[in-house]
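Before we start, here is the structure in question, set down as C-alpha cells.
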Amino acid sequence: MSMPSEVKMKVEDLSAFYASVRAVEGINLEIPDRRVTAIIGPSGCGKSTLIRCLNRMHETTPKARVEGRVLLDGDDLYELDATLVRRRVGMVFQKPNPFATMSIYNNVSAPLRFNGRPSRQEMDQTVVRSLKHAALWDEVKDRVDSAATSLSGGQQQRLCIARALAGDPEVLLMDEPCSALDPIATSKIEELIGQLKNDYTVVIVTHNMQQAARVSDFTAFLYLGKLIEFGPTGDLFERPKEHLTESYITGRFG
Amino acid sequence: MNKDPLADTGEPRGYDLEVRHLKDRAVRMGGWALGMVHDGWRAYDQGDLAAAQAVLDRAGQLDQFDEDMEHATIAFLVLRQPAAVDLRTAAGLLKSTTHLDRIGRLGFDMARITSSGPAKELPELRSLLQEMDDIVESMIRQTLDALNRDNIELARQLFRRDDTVDRMHRQANRVIITNLEKDPALVRRLAGDLLVARHFERIADNACKVGEKTIYALTGQRRSEYLPRHPTRPYVLERPLPDSGGGRT
Amino acid sequence: MILDRHHRRQLFSHSMTVLSGLAIVVIMVPLIAVIYEAVVLGSPAFSFIFFTQRPALGCAPISGITCSLGGVSPAIQGTFVLLGLASLIAVPIGVGAAIFVVEFGGPIARVISTTADVLSGVPSILAGVFIYTILLQYDRALVFSYGSASLALGVLMIPIVVRTTEEALRTVPNSVREAALALGIARWKTGIRIVLVTALPGVVTGVLLAVARAAGEAAPLLFTLGNSCFHPFEGITQEGCALPLWIFQGATAPYQNWYTLAWGAALLLIVIILVISLTSRVVLNRLVRRMGGQ
C-alpha cells in the first residue's frame, strides 16, 4: 500500500481537555485524502475525543477546550465558524440517532432544509443520491415518507450515514458506527465504507481491531491520549514499529 | 494503581502458550526429520539395507507431522486472528513445515538409493561427504534451536555455514565427475554420491530457510532486507569444472 | 392477644391497607363535595340566556317575586379574551426562555431557571399588584383594563411555562442535539426547529396546564380588571370582567339572582378547566403517536 499523494486533514500538536483533565496530548497526524483511516486503542485512550476535535464537536461539551490546530486542505478549522466546519466534516455516531419525529425523506433532506432553502427538485435528487450512496435506497424507495423509527438498527445507521452525506461533506467521521449493530448489519456497513472512500475521506474510530484491519487503509494507535504509531494498516498489523503497538494488537494488554 | 502493561511479569500473556505449542510441534517434527537424515546417510554410507528399510518405514510419520502441523497452524490463524509477532510466527511456521518435511524427505531418499555394501573407493570423497553430513546435521540442530529459543544470532550464523556446504557440494561434484571420466565402472556408486551431495546442499538450504522464518518472526524483516544479493553477480549457472564458480558470496 | 410473627405482619399489612383507603376517602370528600355543591347550586342557572346575555339587575328576594337571572356572557367573553392575550404574552417568552436555559446553559441560564422556580411558588396576587403598580406610574387610565389583566395573568403563566417547557426539553436525549449540530445546524436553530419539535407534546401540555391555572385565578384580576361585568368586550383598554371576577362579585352581593349566577359561573369554570386538562391529555397522546412515540 503506497502513501497517497494528498493529505486531507492535518492535526498539529493537538491537545484536548475536559475542564482541567487532558484527554489527548500533543497529537500530530496526517489523514490521507480518500482513504479510510482507523483510530484504535484501549478504552479511555482518547480516540473518541480526538475524532470529535476534527469536527469541533468536542467543544459542545461544557468546559471542554482544545489547543493546537486542525487543518482541512490547509484551512485552520478552529479559525472558521464552527457550523461551517461541521458541514465540511460530517459525523456518524455510535448509536444510530435519526430524528425520531421525521420521516426518512425529511431526515435525509434535513441538512438541506435547515441550512438553506432548497427546491423540491434539489431535495429529491439529494435524497435519492444520498440513500443510494448509503446502500439504503433499494430497501426504502417505496416508503421514504414513513417514519425513520420504523427502520431496523442497521438501516437506521445507514440512514444516518445518508443524512450525513446529504450535506456533501468532504470528510466523514465515524465514531464506532457498528458497536450497536448485529454482525450482518456490521458487515453491510463495512462494505459500504469500502465504497465511500472513492468519494470521501473516512476516519473511523473502532475498538474492534479486526474491523480496523478489514476496513482501513491506514491505522493510528492511541494510548493514554498519545499517538503511539501511525502507518499503513497492513504494515501496522504485520510488523508494528512500536513495542506498545505490538503489545496491544497481540492482546498482551488492553 | 495501574500496572505497567508492558512489565514482564513472567506469566504467559496473549497467545504465548498457543504459539509455544506450535513451536514445540515444529521442533518435534524437525527432530524427526533430523533422525531421518542421520539414519538415511548412515544406511547409504554403510550400505546397510536393513537400516535403509527402517528409515523408509518412518516416512509415514513424517507425513503425519506435516498434516498435523498445518492443521494446528491454520486453526490458530483462523480462530485467533493473530497480529504482528504472533501472525509472523504462525505464517513462518506454516512455511517451515514444508522445509522440515523436505529435509526429512531428502534423508528418506538417501536411504532409498542405498545399495548393498559400503563403498571403499575414493576415501577423500567419503570423508568429504561425511563432513557434509556432520555440518548439515549440526545446521538442522542449530536452526531448530534458534526456532525454539527465539534466537536471531543462531539463525544468522546459518548463512555462512550454508555457503560452506555449497562450496563442499561443488567440490564433491568436481571430484565425482573427474573420477567418472577416469573410471566409468564406478558409475553406480558415484551416481548415488552425486545425488547425496546434492541432497546435503538442499538440506542445508532448507535449514537456512527455516532460520530465515525465525528471523522474520522475530524482526519482521525478510531476507532481501538484510542479505542483499551480490550486486555485480546475481545467480550464475553451476559450472562444476575447476573454476572460481558462481553462486552467492 | 399474643401473635406470632406471621400473624403480626398480616395484621400490619391489613391495617395499612385500611389506612390508605381512609386517606383516599379523606382526599376525595372535599373534592366531591365542592363539585356536588357547584352542580347543585350552579346548574339551575344554565340556559341559553346564561351563555348569551349579561346579568339581570340585582334583586333581593322578596316573597312572591322571582328574579330573572340573565347570564354571564361578558364574563365568558372576558375569560376567553384574557386567556388568549395572556397566552400570547406568556408562551413566546416562556418557551423562548426555556430554550435558552436548556440549549445554551451558562450562569445567566441558571439564574433564569431558579427565578422561574421561585416565581411559580409566589402567591398569584402579587402578579396583580405588580402590574397595577407599574401601570399606575405609566398611565392611570390603563390600570384597570383587559390589557392590564392579560399582563398580570401572563406574568403568572410565564414561570409555569418556563418550568414545564424546560422539563420537556430536558427529556429530549442529547443524541438528538448532537445529530443536528454535527450536520452544521446552528445551536439556536437546533433548539427551536428540532429539540422543541421533538419535545412538543410535553410543551403543549405544559402550556395548557398554565392556561388552566390562569383561567381560575381571581386575585390578580382584582387589581387589574376593574369591574365591568355588564358590558361586552369593547377593547383591551377598557375595564372588563372574567368568570372568577364575577364569582367574587356575585357571591358577595346581597342579590339572590347574582348569587345563583355566581354558582353557575363557578360550575362553568370547573367544566372549562376540566376540559382543558382532558384536552391536554388527548393532544399529548395524539401528538406522541403521530411523532413516532417518545
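Points to keep in mind about this one:
As written, the chains take the letters A, B and C, and residue 1 is the first residue of each chain.
The working rule: a residue touches a chain if its C-beta (ideal position, glycine included) is under 8 Å from a C-beta of that chain, and two chains touch if they have at least 3 such contacts.
Quantities reported herein were computed from a predicted structural model and do not represent experimental measurements.
Annotation of chain A and chain B: not jointly contacted by any chain, touch as defined at the top.
In terms of Cα centroid distance from the overall Cα mean, chain A ranks first. Averaging C-alpha coordinates per chain places the centre of chain A 50 Å away from that of chain B. Once the centre of each chain is set as its mean CA position, chain B and chain C turn out to be 96 Å apart.
Averaging Cα coordinates per chain places chain A and chain C 49 Å apart. Touching of two or more other chains is recorded for no residue of chain B. Chain contact summary for the complex, chain A toward chain B: residues 209-210, 213, 237-240, 243-247, 249-254. Interface of chain C with chain A (complex): residues 105, 175-186, 189, 193-194, 197-198, 200, 291-294. Contact residues of chain A toward chain C in the complex are 55, 57, 60, 62, 83-87, 90-91, 93, 95, 97-101, 110-111, 114-115, 147-150, 160, 163-164, 167. Interface of chain B with chain A (complex): residues 5-6, 13-15, 81-88, 219-220.
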